Amino acid sequence: MSTNRVMIAGSGGQGIILMGKLLAYVAMEEGKEVTFLPSYGAEMRGGTANCSVIISDRPISCPVVHKADIVVVMNQPSFEKFESAVEPGGSLFLNSTLIKDPVTRTDIEIYKVDANKLAEDAGIGRSANIVMLGAIVRQTGIVKIENVTKALKKEFSGKKVVYLDANLLAFQAWKTG
Amino acid sequence: MSTNRVMIAGSGGQGIILMGKLLAYVAMEEGKEVTFLPSYGAEMRGGTANCSVIISDRPISCPVVHKADIVVVMNQPSFEKFESAVEPGGSLFLNSTLIKDPVTRTDIEIYKVDANKLAEDAGIGRSANIVMLGAIVRQTGIVKIENVTKALKKEFSGKKVVYLDANLLAFQAWKTG
Amino acid sequence: MAERVLMKGNEAFAEAAIRGGCRFYVGYPITPQSEIPEFMSHELPKRGGTFIQAESELGTINMSYGIGCAGGNVFISSASPGIALMQEGFSFLCSAEVPLVAMNVSRSGAGIGGIQPGQCDYNQVTRGGGNGDYHIPVFAPSTMQDAVDIIYESFEIADRYRNPVMILADGMMGQMMEPVVLPEPKTLYKDEADIANYKPWALTGSKGKANRNRIKSYHAHPAELEQYIDYLYEKYMRMEKELQRAESYHTDDAEIVFVAYGSMARIVREVLEVLRKDGIKAGMIRPISLWPFPTAPFEALNPEVTKVVISAEMSKGQMIPDIRLALKDRIPVKLFSRTGGIIPSTEEIVAFVKTLRKELK
Amino acid sequence: MAERVLMKGNEAFAEAAIRGGCRFYVGYPITPQSEIPEFMSHELPKRGGTFIQAESELGTINMSYGIGCAGGNVFISSASPGIALMQEGFSFLCSAEVPLVAMNVSRSGAGIGGIQPGQCDYNQVTRGGGNGDYHIPVFAPSTMQDAVDIIYESFEIADRYRNPVMILADGMMGQMMEPVVLPEPKTLYKDEADIANYKPWALTGSKGKANRNRIKSYHAHPAELEQYIDYLYEKYMRMEKELQRAESYHTDDAEIVFVAYGSMARIVREVLEVLRKDGIKAGMIRPISLWPFPTAPFEALNPEVTKVVISAEMSKGQMIPDIRLALKDRIPVKLFSRTGGIIPSTEEIVAFVKTLRKELK
Amino acid sequence: MKAIYQSTVGEGLTLTDTSYCPGCGHGIIHKLVMESIAELGKLGETIGVSPIGCSVVAHEYMNVEMCEAAHGRAPAVATGIKRVHPNHIVFSYQGDGDLASIGMTEIVHAAMRGEKFTTFFVNNAIYGMTGGQMAPTTLLGQKSTTSIDGRKKEISGMPIRVSELLATIDGAVYVERVAVNTPANVRKAKQAIKRALDVQQRKLGFSFVEFLSSCPTNWGLTPVNALKWVGEHMIPYYPLGIFKQPEEEK
Amino acid sequence: MKAIYQSTVGEGLTLTDTSYCPGCGHGIIHKLVMESIAELGKLGETIGVSPIGCSVVAHEYMNVEMCEAAHGRAPAVATGIKRVHPNHIVFSYQGDGDLASIGMTEIVHAAMRGEKFTTFFVNNAIYGMTGGQMAPTTLLGQKSTTSIDGRKKEISGMPIRVSELLATIDGAVYVERVAVNTPANVRKAKQAIKRALDVQQRKLGFSFVEFLSSCPTNWGLTPVNALKWVGEHMIPYYPLGIFKQPEEEK
Amino acid sequence: MARFLVKFLRDRCKACELCISVCPKQILEIETDLYNKKGYHPARVQPGKDDECIGCTSCATICPDSVISVFDTTKE
Amino acid sequence: MARFLVKFLRDRCKACELCISVCPKQILEIETDLYNKKGYHPARVQPGKDDECIGCTSCATICPDSVISVFDTTKE
C-alpha cells in the first residue's frame, strides 16, 4: 500500500490536531511523504475539529482527504459526520467511551476504543487522543511504534515532561481490536 | 470661419473664468456648438488661471485649445506663457495696464487694452475682465454684442444687480484697436 | 426638445443623478470631482434629498452601502486613489447585491500621481480590484450629453441587477462646460414608506412583512457559498450579455480602426475627419461599456479590410487585452498613448498614424 | 541537503521570510493567515527583527511603506478583503518605487465571503486594483517548498526592481503541514547604519550625503509625470520579460492541457496520472508567475496535438483571459471551476475531462 | 403563573441556536439588546448592523432586520441606514477589534456628526473570531496569540479607553460603560441600553454603550472564571459609569 | 553685527519658493519646525513625512529627508520609519482633513502605541488643497464650498477637538495646542515644537502639536484678517494650552 | 408546590455553568447523564430543591443563551 | 546708523502684509513700484524709518516666507 489517507475528527479540546501532527511527523521521520491539513475557522467556537493526514511513498498531490482508509472519530457528532467517509474496506476507529450509537456500515473494519476510560486508567484523563493514537498505530502499522514513542518523548519534554510517563502508558493502553 | 478657438489667461482673481463662461454661454444662445475648459488645480494657490473656449458651427471634438485664434492675456506671467499660443494670423489681446513687455511676434494682430484703467474709469475697478470681453467681442465679432449685453444683464441680476450698470459701461469702454 | 443648458461637467453629472432618481449623495473631496459634492451639498437638500460629507472614501462607500441596504437610491463620486480605497467596499456591495451608482472622474498616474485627466483607471474599474468573483458594469461617456444620459439611466440599471454601476469619466469631462439637454426628473419611489414596495428586499423594518429581510456577505458553509456564487455568476453573465454598448464610426471600409473611449474618443473623432480628408480610411470603435466589453463591433471587423487597430488611450495600453480578446487576435493592435495628464492633440495622432502607415508598408 | 522539517504553511512562509532577509513584519489578523503574524510576533524579535501589529490593513500597507522608505526589508501578509483594502497603498508604493514583499493567503468569495481556500483573487492581484498604470509581480507557489523558495527570493526581487512583490497562496496552503527544507538565513544589510550602503536611495537622514533623498508619489506637472510614467513603464516591461516563470508537465504530446496554479495545480498533477493511466494524454502548464503571465509554454503548444486547454481554478474563469491572450486564441479554452472554499477531488476533475472529451467528439 | 423573567427566545431573539462558545458574553449582550427593543415594541421598526467578528451573524439571532458591515465600517453603514429611515431605531453592534482598531475613524465621525443611532460596543479585550490576537483593548500583561508573553507597554502601548475618547466629542450625547460580569451588572447594562435607545428616539445625537464582556475560549478560562476576570482585571482599568448624558438628566 | 532673527532659508528651509498662497499659515509653521530642528543640529538625522494637502510637497521646502504619505496615513508611515531608525528625529506634518478626517484611525493608534515620533498638526479649519470644503474642524457657521450657508450642527455635528481627544490616550505623552496668529503666539508655538521634539528624543512616547493656522484663500480673507479670524473665532473654540506632558514637567 | 418555577429551554443550554455560579441558593446543577440536542449536558434545578428558589432571576439574567425563564406561581 | 537692521529676501516675499500688520512701530510697507521675481510687490522698511525699529523681530517671526532677518548692529 503506497498511500494512506487518514481522517481524524472530534471536538476542539480533544487533541485531534496533536494526533494528526504526531502521525505526520513520525511518517516524515520514517522518510515518507506526508501532508497534514486541519479544518479551520469553525473550531474557534468549540465546534468539531478534524484533520487529514496523508502518508505516502511518493509526492502527495492534494492534502484534502475526501475518502479515507482510516477514519478516527473521537465523539458522537464526528461519528455521525464521518462514518461515511471511510473507503470500503477501510478502518473506522471510534472512541467508544463517548460514541454509543451502533455503526451501520458493514463494509469496513471497526475498532472500538474505550479511549477516555483507558486514558483515565493510565492516569491522565486528557490523553484519550494518545490512547487512540496507540490503537491506530498498533492496529494498522501505518508508522512504527518505536518511532511514535520517540516522538512522544520529544513532544513531552521540557516543561511538559511531567506528562510523559502517563502518555507513554496511554499510548500502550489499547491492546487489541 | 467655422471654428473659433479662444484662450484666456490671467491671475486667479481677475475673472478669467467668467469671461470664458460668458463667451461660451452667448455662443450657445446663438445656436453654436461650444466648449469651455478651465485650468484646474493650480489656481487654488493664487497662481495663474486660464480657460479655453471653442465656438463652432459643428460638434466640437476636443475642448483643449493647443493653438488659439484668439488669445487674451490679463497679466504679465500669462503673457509670457501664452504669447506663443496664438495661431499665426490670430489675435492677441493684452491687458496693457499690467503687461509692460513688448510683444515679440509679428505674425499676429495685437490689441492692447488698458483694461484695469478703463474699468476704473467705468467705476468698477474689478471689471477689467468685462472691459476686455467688450474688446474681444467688438473687435472679432465672435458673438453678437447685443447678446453679450443680454447675458450681462442675466449675470448681474438679483443681488448682483448693483454692479450691472458699471459693467455695461465697462463692456463698452474699449472703443478701438 | 428640451432646452440646452451650458453646464460644467461635474455639475451636469450631479444634476443628471438627481433627475435620474438619486435621493442620497455621499462623497469626500478630491480633485477633479469636488464640484460634485459641492453642488450636491446645496442642491440635493433643496430637492428633497440628503447630502452627506463622509469622513473618507471608506466612509463614502460604506455609508452608501447602508443607504442601499435601506433602499435609498444613492450616488457617490470620487477620483482615482479614492476609488482604490473603495475596492473592498465594491466587492462587498456586489456580494450583498446592493445597488449603487458610482462615478470615477479619473486623474493620472498611480498613487497620488497628478490631478490632470487620465484614463489609467481602466484596469482598476473593469477588473474588480477587490477580492472575489464579481463584476461591475462600467460606462464611459464621451460627451456631456452621453454622461448625463447614462447617469440618468444607471439608477435603474443598478436597481434592476441589484449591483453597483460605475461611470468612468475623467478630469477633462468633469471640468469642461458644454451644452447639454437635461432629461425630465423621474421618481423611483415616492417616500420612505414607499421603499418597501419599490424594493421588497430592502431593510425597512420587519413590521408587516412575512419574513424579515437580511443583507449579508459572509457565508460560513462552502457548499452554500458556492451555490450563491453560481447564482451571482448567472447574473453577471446576464449583465455581460445585456449591457454591452458601443458606437462604431466609419469602420466598414476602414483600413485603420481606432478604439477609444471617453475624452480620447472625442479627439479621435476629429482625427478621423482629418485622416479621411487626407485619403486615409480611418474608423473608430468607441466602447461605451468597458465591462462588459462590447465584442460585436470587433467581430464585425474584416482583416481583409482593416489592417491595424489602434488603441488610443491616456494610459499605457490597459485596454489592449480587451481589444485583443474581442478581436480574437485576428488583427494586430497598436497603442497610441499619452499619460501624466496630457491630452493629445489631433495633429499628433494624425502624425502617429502617418508614421505607422509608413512602418507597416 | 538540509534537514526536512514538518511545518504549517503559514509558519513556513514566515520562517522563509525571516531567512530571506525580512527585518520587519507588519500585519493585522485575518483568517486563514493569522498564524503568520502570530509566528512573527514571537519569532521575529528573537531574530533581531521588529514585529508591528497594525491597526488595520491600511495601517499595514502604510507602515510598511514607511519601513520601505527608510530602507527596511519588510514582509506583510493578509487575505482577500484585507488585500482589497491595500490597493491604494500598492499603487502608491509602485508610484514611489518602494519595495515590499506581500503575501495573500486567499479565501473564497467577494466581500467577506467565506474563510475557506479560494483562488478568486486572481484579478485583484494581477490586474492592479489600484489607480494608475503599474504592475506588481505575483508568484503562485503550489507546494510548501515552492512557497518557501520564492518568498526567500522575493526580497531580492523587490529590492532589485524597487517594487512590491506579491506571493499568492490560499487557505489550504496556509493551513496544511508538509515537510520542507529551509534555506540558509541570509542578510541583506548588517544594521541600521548599513542601510544607506545597501539602499542609497532610502531615507536614512541627509547627513553625509551629497543630496538629501526624497520619496514621492505626487507630480504637479503633466510633462514631468508622463516622463516618470514612461520611466516606470520601461521597468515594468523589463519585469515582464525577466520574471515570467512556469512549469510544464507532459505537454508535448498532450491532447488536453490543464492550466492550474497554486493548490489547484497539486490536484491536477494527480489528475494527469489518473488520466494517463486511462490512456488519455493530459498535460499541465503551471504558471508560477501570474503577472507577468508566462507566455512561452503556451506558444509552444501545437493545436494539431492539443485540442483543448482547461483552466482549472477555484474561481469563475478569472485566468481565462490571460490564457487566451497567451495562446493567441489558437486552441479553445474550457473552464473547470469549484468555488466557495470547496477543493475539488481528483475524481471529479477526471470525470469532468471524460465528459468533456465525449462532448468534443 | 406570572413570568418574572421571560426568555426572549422567539420574540427578540430567534429560535436559531447561536454559534457562540458556551458562556460567551456576546450571548448575554444579544439578549439584553433584544429584550430592550422588544420591550419598546419596536422589533418591526428596528434595523441593526452586525460587524465582522464573532457576532458577524448576529442577524441570525436578533429578530429584527439587519445587514452585515465590512470590518470596522458598521458606524458608516448605520449612518446610511438612519438617514434613509430617520424614525426607525438603528444600531450597530461591534467588537473591539472592529470598532477600536480598524474602525476608529468611522466611530469617531459618526459621533462627531451626532448621528442618531446607537452603537453597542462589545469589549472583550481580544480578537475573538480570528483566534485570540491582541486587540487595542487587550490589558497590559494579558496574553494573546500575538503577545504570548502578555501585552507590553513598550511594544504595544496602553489599552485604549474608547468611552473616554468618545466622550470628548460633542455629538456623542450618551456614553456609558457597563459590564456583564454579574447579575447586578447585567441589569445595569440593560438600563444603559434603554437609556441609549431613549436618547436615540428623542433624536438628541449619538448614543453609545460599551460592554465589558468575556471571551472564555480565547482567554483560556472557564466561562465562570472569565466573568470573574472581567471583574478583577477589566473593571479596574475600564471604570464603569456614565461618561456623557443629556444635560437635563444629570 | 549680530542676527537677532536669522531667516532659516538655506539652512532649515531650502531655497525653493513655496507654492503656498501669500500669508498662508503653512509657511509660518514650516519655518518654525525647520528652525527648531536646525537649532537642534539634527537636520542630517531627521526624516519627515508630508501629507496629502497643500503641504504635500513640504519636502521641497524642508531641508531634511522626507517622503509623501497617502492621504491620512502619515502616522502609519512615520511609525514605519521610526521603527527602522529609532535614533533619528521622525515627524509627520499633517492637515486637518488629512489627520482629523480620513486619518483618524492612524493618528489614534500611533498615539496608543506610544510611537516615538512627533506629529505637527495644522488645523486651518478647511480642506485647503481641494478648494475649501468643510473639514471636521470647520467651525459652526463657517462657510465652505460644501456648507455654503455655514456649517450647521444638525447636519454636520460640532467641530472635533483633536488635541483633547488624543489627550485621553496614555501613549500620547505630549499634546499641546498653539496658534500662529500673533508674533507672541508664534514664539510659543516654537517652544511647543521644541518641547515635543525633546519628548521624542527622550523616547517617552508620542508627541503632538496642533497649530491653529489660517487659509486666507479658502476663507476668502486677506492674510491679516485671516490671522485675526484665528484669534477671534478659532481660539475660543479651540483653547490653547498643554493638554498632556510628561509627569516630571508639570 | 414551590413558589418559583425555573424553566429551561434545555436544548439551547451550552453548559456554561454561569447560572450555577450566580445562584445565591446554589440549587442549580449540570445534568450529567443527559445530552441535549447540541451535545451538552444541560443545566437544571437540583432535584428536590425547587422550594429553595427565591425567584431572584439571577440565573436567567446571566444566562448567555436565554435558556431560563422564571415564574412566580402565586401570581397571575 | 540705525541700531537694528531689517533685511528682506525680497524675491521670496509674497506681499502678504503680515509683517506690516504686526510691526509695533508701523514702519514697514509694500514697495508698490517694484515687482519681485515672483511678481509681487515686496515689503520693506519705509524709507527713512530704519531708526525707529526696536528690533522686536515680530515681523520676522510672523513672516510665512522666511523673508526677514533682523540684526543688531551694535553686537558681534
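For clarity, chains are labelled A, B, C, D, E, F, G and H in written order, and residue numbers in each chain start from 1.
Methods note: contacts are C-beta pairs under 8 Å (C-beta built on N, C-alpha and C of every residue); 3 or more make two chains touch, one makes a residue touch a chain.
The model shown is predicted, which means the values in this text are computed figures rather than measured ones.
The minimum number of touch steps separating subunit C from subunit G is 2.
Here the chain pair with the top count of touching C-beta pairs is C-D.
In this assembly, the chain whose C-alpha centre lies farthest from subunit C is G. For the pair subunit C and subunit E, the distance between C-alpha centroids works out to 39 Å.
Averaging C-alpha coordinates per chain places the centre of subunit A 87 Å away from that of subunit H. Chain geometry summary: the mean Cα position of subunit B and that of subunit E are 61 Å apart.
Centre-to-centre spacing of subunit C and subunit F amounts to 38 Å, using the average Cα coordinate of each chain. The residues of subunit A that reach two or more other chains are 41, listed in rising order.
Residues of subunit F in contact with at least two other chains: 20-22, 52, 56, 68, 70, 101-102, 104-105, 108-109, 129-131, 136, 156.
For subunit H, the set of residues touching two or more other chains is empty. Those residues of subunit D that touch subunit A in the complex are listed here as 4, 6, 31-32, 115-116, 171-172, 175-179, 263, 266-270, 343, 345-347. Those residues of subunit F whose C-beta lies close enough to touch subunit D in the complex are 43-47, 49, 52, 56-57, 59, 63-70, 73, 76-81, 83-88, 105-106, 108-109. Residues 101-105, 108-109, 111-114, 136, 153-154, 156-158, 160-161, 164-165, 168-171 of subunit F touch subunit E in their complex. In the complex of the two chains, the subunit D residues touching subunit F come out as 24, 26, 50, 52, 54-56, 58-59, 62-72, 74, 88-89, 92, 96, 192, 195, 203-208, 212-218, 220.
On the side of subunit E, the complex with subunit D involves touching residues 52, 56, 68, 70-72, 97, 101-102, 104, 127, 129-131, 133-134, 136, 145-149, 156.
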